[in-house]
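Consider the two complexes below, in which chain A is the common component and chain B and chain C are the respective partners.
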Partner chain A sequence: MNPLLHTSKLGKTFGGLKAVQSIDLSVASNQILSIIGPNGAGKTTLFNCLSGIYKPDDGDVFFEGINITGLKPYQICHLGIARTFQNIRLFPGLSALDNVMIGQFHRRRLHPLAMLFRSENYRNEEAVGYEAALELLDFVGLSEVAHTGARNLAYGLQRRLEIARALATSPRVLLLDEPAAGMNPSEAEHMVDLIQRLRGRGLAIILIEHHMKVVMQISDHIMVLDHGETIATGTPEEVRNDPKVIAAYLGKES
Partner chain B sequence: MSPPPKAKDGGTERNEWNPWRNLKHIFFNPKKKLRSFRNQPLEKDIKPTVSLPPPDIILGGLVRGSIYGLVALGYTMVYGILGMINFAHGEIFMIGMFTCVFALGLLSTLLSTTTLVNLLLATLVAMIFSAAFGYANERIAYRRLRKAHILAPLTSAIGLSIILQNFVFLTVSKDNISFPRVYSDQLNKVAFTLGGVHFNYLQFTILGTSLVLMAALFFFIHRTRLGIAMRGTAQDQLMASLVGIPVNKIIALTFVLGSSLAAVAGVMVSMYQSVAGWNSGYIWGLKAFTAAVLGGIGNIPGAVLGGLIIGLTEDITCYYFGSNWRNSVVFLILMIVLIIRPRGLLGERVADKV
Partner chain C sequence: MFTRLRNYILGFLGLAFITFPFLWLSLKYNYATGNVATVLNWAHGVKFFSNLTVAFAIVAILMALHYSNKKWNWSHPILLTLRPLAPLVEQPWWTPFLMVVVLSAAFYLDHKSLGLGCMLGIYMILALGLNITIGFTGLLVLGYAAFYAFGAYLFALAQQYIPGLQWWVAFPFIFVLGSALGWVIGLPCLRLRGDYLAIVTLGFAESFKELIGNLNLTGSDIGLSLSARSMVKAIPGLTVLQTTYIIVTVFLFVILFAIRRLYLSPIGRAWVAIREDEVAANSMGIDVVRMKLLAFAISAGIGAVAGMLFILYSSYINPATAAFEQSVIILAMVVLGGLGSIYGVMLGAALLYLIPEFLRDSQLIQDFSPNFSDYRLLIFGAIMVAMMLLRPQGLLGSHRHKHEIKRDT
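Here is the complex of A and B:
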């Protein structure tokens, strides 16, 4: 299977600290790749390199065979990579619906004059966008709070809204940074269900997660990072039994 | 060394400027006092009466205020999106004034269309010119410095404002230029008289245009996709970029929009006052900035409200105390607002903004 997104020898250095080095990962449609590792292992730095927030110092990122290293975040988004954040970054002053609609910004191109004079085309497009946004909110189970301000939503709902907003950019690859962080077991269960349904839509998903139960349940592949390096890759079963992983997570004794 | 002469009471002081006596004169109606004196009432029966400003003063204040509101929108939009004050905004307003006057001159010689068409075309030209200057302002004074310390773009904008003023002073006109009378006279004709007070078309045109533009801007920001993108960019630039919004273009659009509104305001001011000068952007800009701060900077309805309040205050001050006092009173209000309520009348808490 052709990978949708892959990297070769990706590296990022901050001063003397090698935050991430020689990462080779690849993910295809309908696949879930989980990235795990202790705190400070470079997982989020890796995401920042993939989504264009950081410019990698070494190596390349390929999306559908095109080299996208060093593109601006919005250009990468236009190509079809979307992400969520570990600490939620919604637009607090916008309603849930507007948060989703903002994600569709680049998908529909119309002349500004058409917008100014509200041509028929424009109004149709707006209606389509509105419906699409409502549908996405429905998909993540937020249709009832569509008009609530994002800052007034409960924590778990904000996480879902973040995913809906990422989906609104119609991505092919979705980067989820700890979507189940701070959730209780039943909320985490819902999140697993949501991620499974996302896979059903044909997305390639890269997931950073600390909830081992979630990771083992849904991943096709797992990649373990420690000190910016890959220490193990494989199926959940292989990784679970890898002595290096156990050492990194629990210390040498166990 | 002789002791300094004591200030005498009464007569000699008459020619000097004494605001307190003016105040007494205004708020304690002398006619009433005179009548009471004639009828020999008791001291305690004398009640002071306050005379309200007449309706034409109120209308004048609203007209002036709506212009301030239009200019203040430019300040408040840029602040909302970048968290910086655009101190060159007043000069962009001034360029709108000049462009309109020259465009009118050209149009009336080149095209023999009606006054209204010429006026609209000239306004359009002024808007395009000012928008271009606003865009250049963003590219030159702001874009490179967006990540720098907050004082750096502020200083560069002040620099740009001085450059623009001097540019106009040296190359265009050292003296005030006057707005073609042909255009303003028709609008200055008295429209109707109500209760002995004359209202003219120009005032209604200015008030109406401003309010329509403000409503249009409000609609644009809250109901269109570009507007949502703008609000998103204002709240979190990085995140906006990650959901596919070209942040640089949106910021440039903000400057362009604010500048075209300032151009319309410039056209209306030059029509209203019949003159435009290289330095008229300074005081209008500063007062519009005061209006934006008063209403709560970053808040669009706040800018309009602040503008109306400043305009009304200014005209009412002129009516009571004379026009020398108007700037002092306006900036006194700015100081009081900054001390008592730094976030302005409708402003959000600073914590929410950051």
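Here is the complex of A and C:
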């Protein structure tokens, strides 16, 4: 299968610290690639390089075979790569629904005059967007709180809302940064279910996650980072038995 | 809303009760003996409060408009008796009704009040314009008055070189040129992170003030003065001032309407997203630099149009219009009323423009300090600090939970 997103020798340095070094990864539609590793391994930094928040110092990122290294975050989003944030970054002053509708922004035509006079087309687009946003909220199980301000949502719901917002950008690749962080086992179970359904929509998913149970359960491939380097890749089975992985995690797993 | 409105009314009455004796007093200085005597004069107090009633009415109307987004709570004791009127009040009839009332004020207000009305309208437009950048998009602008002065000078100069230039011909150009100026100033600083826009606009305003204060073309320190009669063609049967009041009010309504619609559109949503979290907005596909520039350019354009209206009203302009003080006043209106709240910033404009105007009339204050307006800036600064500490969301906070366009069901 052709990879949708792949990198070659991707690297990012902060001062003297090599946060990410020569990472090669690839992910295809309907696939879940998980990235695991101890704290500070460089997982989030890798996401920031993929989504354009950081400009990589080395290597390239390819999306559908096109080199997208160094594009701005919004351009990468337009191409079809969406992400969530480890430290939730919603728009707290907007309702859940508006948060999702922000995700539709780049597909909307921006004719200020059409907006001022509420042209037929504009009204249709807005109504369609409204419905689509409600559907997405329903998909992640938030339809009841559609009109609640994002800042008033419970923590677990905020994580789901981030996913709905990312989905609203119509991505083909979804980057999830610790979506189950801070969740209790039953909430995490729901999250697994949600991620499975996301895969069912044909998305390519890269998942950063600390819950080993979640990772082992749903990943097609796992990539283990330590000190910015790939120390192992493979199926969950292969990675589980890799001595280097066990060494990296010894004493660090709690 | 009604507990708040009730508290507000009670607060107003309490304030009136406490301050009335002081406003009623006035001090008389006896030059012969050097004694200061207090004189009681009911009329002063009554006059002050009858003036304030107008401000109070404006405030109440704006609050009602602000809260009309929410469902009215008819079970509230105060409103229970009015319940039969519910279907009437919940209809959108009263927005046009209010517009008619405000417009027809042109016929029954006296000369002085019409002048206040014009300036109030202009300040409301300025507050609404600045609110787009500071309130919606979260960008601090410290030199907004420069765009106001720019529009005013542009129109005044155009009047001199193109005699008979009508405002309705000029205003699209003024809006576009004002926006273009905003764009040019915004472009270099909005590409950078942080509050460079605040510093750059501040610097721009100061240098603009110096520039127009030193050019012969702009009448240097003295400024430019024109004849109002040639600029505003009075509507038959009305005076020039009445016509100007109507022009300003219509501009206010149109700008209010336009800003409200933009705010509720995807563009407004994007602005708020940038304010709430710039990095997340960028990652969700919003070209942050472009949307910030758009916000700032529209803001600048509206400021310039307000400048044109100021010329129509005062037919006089001098470099003080671009002064830092002006920028601070407009900023204080936005902060006091509520960053990002459309009716809130109009409320802020009403309070901060009208109250000092009325205080100026107050006998006591004139006795104490004839140069009361010198302290305006100090008081505004204190208000801003107090608001930031006590009520950072402003008098009327912004809430953006309204969806006017849905699929018909």
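One rule holds for everything that comes next: the second predicted complex is superposed on the first by the 249 of 254 C-alpha atoms of A that agree within 3 Å, B and C clash if a C-alpha of one lies under 4 Å from a C-alpha of the other, contacts with A are read in each partner's own complex, and residues count from 1 in each chain.
FYI, a residue touches a chain if its C-beta (ideal position, glycine included) is under 8 Å from a C-beta of that chain, and two chains touch if they have at least 3 such contacts.
Here the structure is a predicted model, which is why all the values come from computation and not from measurement.
Superimposing the complexes on chain A yields a three-chain arrangement in which chain B and chain C clash.
Of the two partner chains placed around the shared chain by superposition, chain B and chain C are both touched by A:105.
By the touch criterion defined above, A:77 reaches both chain B and chain C. Of the two partner chains placed by the overlay, only chain C lies in contact with A:127; chain B stays clear of it.
By the touch criterion defined above, A:57 reaches neither chain B nor chain C.
Chain A is touched at more residues by one of its partners, and among chain B and chain C that partner is C.
In the superposed model, A:149 lies in contact with chain C only, and not with chain B. The single stretch of chain C with clashing C-alpha atoms against chain B, selected from 8-16, 62-70, 80-88 or 242-250, is 242-250. The contact surfaces that chain B and chain C form on chain A in the two complexes overlap at residues 51-53, 72-74, 77-78, 82-83, 85, 89-94, 98, 101-106, 108, 112, 115, 126, 129, 165-166, 169. Here chain A touches chain C in the complex through residues 51-53, 72-74, 77-78, 82-83, 85, 89-95, 97-98, 101-106, 108, 110, 112, 115-116, 118, 122-123, 126-131, 147, 149, 165-166, 169, going by the rule given at the top. Per the touch definition, chain A reaches chain B in the complex via residues 51-53, 72-74, 77-78, 82-83, 85, 89-94, 98, 101-108, 112, 115, 126, 129, 165-166, 168-169.
Residues 258, 261-262, 265-267, 269-270, 272-273, 275-277, 279-288, 398-401, 403, 405-408 of chain C are the ones touching chain A in the complex. Listed in rising order, the residues of chain B touching chain A in the complex are 224-226, 228-229, 231-232, 235-236, 238-247, 352.
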